[in-house]
Amino acid sequence: MGGNTFGKLFSVTTFGESHGVALGCIVDGCPPGMELSEADIQPELDRRRPGSSRFVTQRREPDTVRILSGVYQGRTTGTPIALMIENRDQRSKDYSNIADVFRPGHGDYTYFMKYGIRDPRGGGRSSARLTAATVGAAAIAKKWLRNRYGTEIRGCLSQLGDTVIPFGAWKFTSGNPFFAATDDANLLAGLEEKLDALRKAGDSIGAKVELVASGVPAGLGNPLFEKLDAEIAAAMMGINAVRGIEIGDGFASVAQKGSEHGDEITPDGFLSNHAGGVLGGISTGQDIRVAIAVKPTPSIRLPRRSIDSKGQPVTVETTGRHDPCVGIRAVPVAEAMLALVLMDAVLQHRAQCADVVLPVSPVAGDLPQSGPDR
Amino acid sequence: MGGNTFGKLFSVTTFGESHGVALGCIVDGCPPGMELSEADIQPELDRRRPGSSRFVTQRREPDTVRILSGVYQGRTTGTPIALMIENRDQRSKDYSNIADVFRPGHGDYTYFMKYGIRDPRGGGRSSARLTAATVGAAAIAKKWLRNRYGTEIRGCLSQLGDTVIPFGAWKFTSGNPFFAATDDANLLAGLEEKLDALRKAGDSIGAKVELVASGVPAGLGNPLFEKLDAEIAAAMMGINAVRGIEIGDGFASVAQKGSEHGDEITPDGFLSNHAGGVLGGISTGQDIRVAIAVKPTPSIRLPRRSIDSKGQPVTVETTGRHDPCVGIRAVPVAEAMLALVLMDAVLQHRAQCADVVLPVSPVAGDLPQSGPDR
Amino acid sequence: MGGNTFGKLFSVTTFGESHGVALGCIVDGCPPGMELSEADIQPELDRRRPGSSRFVTQRREPDTVRILSGVYQGRTTGTPIALMIENRDQRSKDYSNIADVFRPGHGDYTYFMKYGIRDPRGGGRSSARLTAATVGAAAIAKKWLRNRYGTEIRGCLSQLGDTVIPFGAWKFTSGNPFFAATDDANLLAGLEEKLDALRKAGDSIGAKVELVASGVPAGLGNPLFEKLDAEIAAAMMGINAVRGIEIGDGFASVAQKGSEHGDEITPDGFLSNHAGGVLGGISTGQDIRVAIAVKPTPSIRLPRRSIDSKGQPVTVETTGRHDPCVGIRAVPVAEAMLALVLMDAVLQHRAQCADVVLPVSPVAGDLPQSGPDR
Amino acid sequence: MGGNTFGKLFSVTTFGESHGVALGCIVDGCPPGMELSEADIQPELDRRRPGSSRFVTQRREPDTVRILSGVYQGRTTGTPIALMIENRDQRSKDYSNIADVFRPGHGDYTYFMKYGIRDPRGGGRSSARLTAATVGAAAIAKKWLRNRYGTEIRGCLSQLGDTVIPFGAWKFTSGNPFFAATDDANLLAGLEEKLDALRKAGDSIGAKVELVASGVPAGLGNPLFEKLDAEIAAAMMGINAVRGIEIGDGFASVAQKGSEHGDEITPDGFLSNHAGGVLGGISTGQDIRVAIAVKPTPSIRLPRRSIDSKGQPVTVETTGRHDPCVGIRAVPVAEAMLALVLMDAVLQHRAQCADVVLPVSPVAGDLPQSGPDR
């Protein structure tokens, strides 16, 4: 335990701090025989790495991933796959002036209260930099899910501050845009202007990210506690700065009636997807729809009141390299977490239900009728 | 695995179906030496049981809990505590007419797709009735947390359909109201009228539930994946019908700036609580603030289109005993899940950090300075 | 946690004390669709229950098992299966005279040191009576393994005190003999005489139990820590009174040479089975061979020195109903534990490797060539 | 899952293959604030590394360990500690001639049957080389246990083939002897002669290793399945080549009577330790006594019959660099596994029982009377 492992059967155990020697992870439980090389993983890391535009932190990290084990002659062997990313631009400057100060809105205070000690260099273990290891691990899951089921997981920025980015303007970030709305030049210009203004003011802004997973087999998840949506909720809320999570209609469900929300079914499939692809904690075979709220980063230049570890009042002005909107880089991270949840759910499902053969597929077309692990 | 256990160190494994012989759970890992009897558990079950007002299902279940093990001479022994609740009013009627039909918005279809078989009697394992076992187990956690830290966990209905129940009107459901707003006679009358109209129309409505946990020690949670807020999100999303979850400001954070959201700290404590009591995945010692969206129950009298297990179209009209707003009875269940998360986090924390002694308490007054498991 | 759950994917969580209201377990993760009723479970319980001959404890318990959940219309549904066995002959006598005394060789002292409190009635949770729940759960695993792979797990008493029971005399206890050697009248008479003498003397004796599992698919287990033999070792050492465990040649391997021990392979199969069916932590497809050492029960009539919970010296004479050789009833329990290990290993295996299709079966005859979970 | 993680609360997840780029592990759950550097870990690795005498494999590996994370300014921070050891002498020779052959007595065949693919270079993941990561992780546990409780864990070779090394001749391998019996020149000469003869003959031999852990607090372990001795058994059987495990009197218990085996207690302590320091699955506070049987390595020069992956017969002569008696290097590995079990048990214990305060210490002298996590 210790809170650094994700997944029960496709499990990812991570290590590293923002300014340590290296960060990485061990992926255990990967099915054997899949073609895998660094070339499958690096593109996902590139989508999330810093320094890629003026709207994300200017830290220069190539984030070059190395596979240390678990692959032989280009194929996974079923043994643990270790991934390592060395830190390059960690700037081993003198941290003594901030080592003793709790930055407001950060984990500094809570880490100190838990452990009685913390690594102050760049936020230590609480830095969003650690998501690199997760994104690397999830690239393996994404590939396997795509090969096996045609699953695609795509996210986009759907709101930046109070600017909603309408669905028509989304461009899913499977390429590498810094955000999604590249089809609408006016909207894009407005967003850039907004971010520039924030950067100048030394402030930051929140964002909403939406995700869609298509090609998800029906039947994934569990009845009571480890429901598929519960696992997704945990995965999303575990991403740095996330404060809210919705599946399907989410909070809009509060004002809906049952006659409006409940998705009717016909022999040709579901007529709607208010549920977001999960009913009773188990996938329906429809798209999984997820939205998350990402808070504004607390690392801002404006002065903030805080205390030091002796309880004395201090003023904090964070002058380092930071994202004005951490929501932008949260997109590939959220996709990664969703991939890890689905991968684990598939392995869990076939452990218990590999023998289940449905007598007939009730909904035409979209469901495999039988087979070892539908 | 199988998805029926919650918690790693204070773990609750449940069993039962809506219309089976009995339901219950095994609580493993409970600290020894605590006074415990059925009288500690029954009141929590009574808050959640059906038949208590005309706005909840009219099924008549006394929900009488029995402790089968783990208690000797009125004290917990540290060995597993088994709780059992017999089903009385299960109406073993003929289910053959619905056994083959997938009710829209229910888990019928997904259970079938997962297992190739399902128990159709009253929803089987997917019924909200199963939350009784969880509520029973959580009563033990609530008592322990209250004894040890003075922790109080209180929930209320803060919105019913589009009617927001203002904070001033909340009455926390630590008594046994069917919902929270008993102080405002006009509001209450309006809500009752609304529910009566829904019942007559054969429809249902969504709701929002809010929770506050006070007296939570700082330092609970984990850095990366098993963050305290991630565990809370999983717990909440695992409750039947929940579609959204917020910690602290939740989705309101999207439109906030960093200078507004980040909670400043002074020697006298935090100046605000936008974070909802969790920073970096670890508790701050402030109140934990949680909100959940509960969808309208899909069990409605109005006719709905669906299919049977052969893929043939059918019309479903659910005429059984059902809640017009499942959000009402979700209140004690949500409190229960939050209690289980906190209990587990405390045990996890002291496993790793029992020896941590802080040199000084940085925030005056609200933190124990040292001790085995602050 | 708390130590009362066995298995990761086919998991058995147990509850109960020797003289409590009831004991039982929850089996989670059972594959759906298998025919199951109490009639599948009761015979295994009958093999292990007390009172069946004059050589086991005279406590009268019918050990009638009831399935409380997880089965619908005679088939498993994939949801938790709860088993309950009520205690009948618990003799709620006054335990105050022994409540404060640590019986030598028992867990009394260690439970007290761990929990600061213990249930003294009949040994509480440390009683061998608790193995009933395990045996019940394992009956489900045994049935599934037999149906799916033709797996048979059989144990016998191979040594009682210093009397070795030669292999030719074994009768596997799949019937219900109180021990194995019923084919050899002289041997049997000698063993009965020995046990009678011990009973008269108020003493007890150790035993060795051997197990063979046939029809175990190759490929079960894991590389490093959760090796199949490691899981078997944990399962066996977890049985009350077990002090040693061997796989294959066990301690005889110490004096062997590599040229003697290493099992050669031919196209027709392995030429020997010194390894006991496990190499590198993974099953070979040969018989799994296990032996365990069961210590003499410490519950004897002869006076023993001990202390009470105040540290004062006392003399203990255990006059209750006890087995002169607990090894006899350990046979079905050991079989049960082995079944649980194999069941869990199968589910683990197909989670990760359900897609593996071998190009060709290297050893003729004994291996399925392909398929979802060979 | 995947079988590469050991421990629940002090958990060690390992990666690597014999001839891969590197091997290592992530230690999660380590208590914060302990002084730690590579200098604490390297000596344990040096005891186990190859090339240290002519009786172990001549592979030249410095086994230099690097801490990649989890330590700040020389102290553990409570976040994951990653250890990495680069492989140097991996001889990337052409393995094509053996890639397709199953070496008798090795995991080659079983890995192939499980995964359908295997890394043949030096045995891949099944190589004893992988124990280096475990030994490194356990050095952290050993230091913590020593600091906190004065726990010492010492192992020695007590039998080599049929030569028993009498207790008086043991020298515990806390220094770095290749085996234990350095005090008795005649015995040593005999053992060396024996090993030389085996090496010349191209054969190998089994061994017995015994361990003693002193300074273990009473109260560690669990009641039913995760008993302390069960966890020890799993840990030991998981070491490469181990075929048997005993706690306390082990298989000698079979021929003992209850009046002989049961350890009597007096106010001054236990009068004997037949139980080996564990009763009812929980530690007594006495020395933990463990013995393991290590089979002769199957890597021998003598020709052996086997098959290739097409099922064709082949003759295998293993000419690589190998240990004539793997039992020698098993000593530090066994100590390491025991340390990991005890460390995890301590953390588990204080999670549940940190508040237990015994009214009085029943056995004079050897037990702390109260405190957070005895």
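First chain written, first letter: the chains are A, B, C and D, and each begins at residue 1.
As a working rule, a contact is a pair of C-beta atoms (placed from the backbone, for glycine too) under 8 Å apart; a residue touches a chain by one contact, two chains touch by 3 or more.
On a predicted model such as this, the values are computed, not experimentally measured, just so you know.
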{"item": "Option reproducing the contacts of B-D, where over half of them reappear, out of A-C, A-D or B-C", "value": "A-C"}
{"item": "Pair joined by more contacting C-beta pairs (C-D or A-C)", "value": "C-D"}
{"item": "Chain centre separation (chain B, chain C; CA means) in Å", "value": "38"}
{"item": "Between chain D and chain C, distance of the C-alpha-averaged centres to the nearest whole Å", "value": "25"}
{"item": "Length of the line joining the C-alpha centres of chain A and chain C, rounded to whole Å", "value": "44"}
{"item": "Residues of chain C whose C-beta touches two or more other chains", "value": "1-5, 8-9, 14, 29-30, 32-33, 78-79, 114-116, 125, 223, 348, 351-353, 356"}
{"item": "Parts of chain D lying in touch with chain A, wherever the complex brings them together", "value": "1-5, 8-9, 11, 13-17, 20-24, 26, 28-30, 32-33, 66, 68-70, 72, 75-82, 84, 114-119, 121, 124-125"}
{"item": "Contacting residues of chain D [partner chain C, same complex]", "value": "1-6, 8, 14, 102, 104-116, 125-126, 130, 159, 161-162, 198, 203-208, 218-227, 229-238, 243-267, 271, 274-276, 278-285, 293-300, 302, 304-313, 348-349, 351-353, 356-364, 367, 374"}
{"item": "Chain C residues touching chain A - in the complex, by the definition given at the top", "value": "8-9, 29-33, 78-79, 148, 223, 347-348, 350-356, 371-373"}
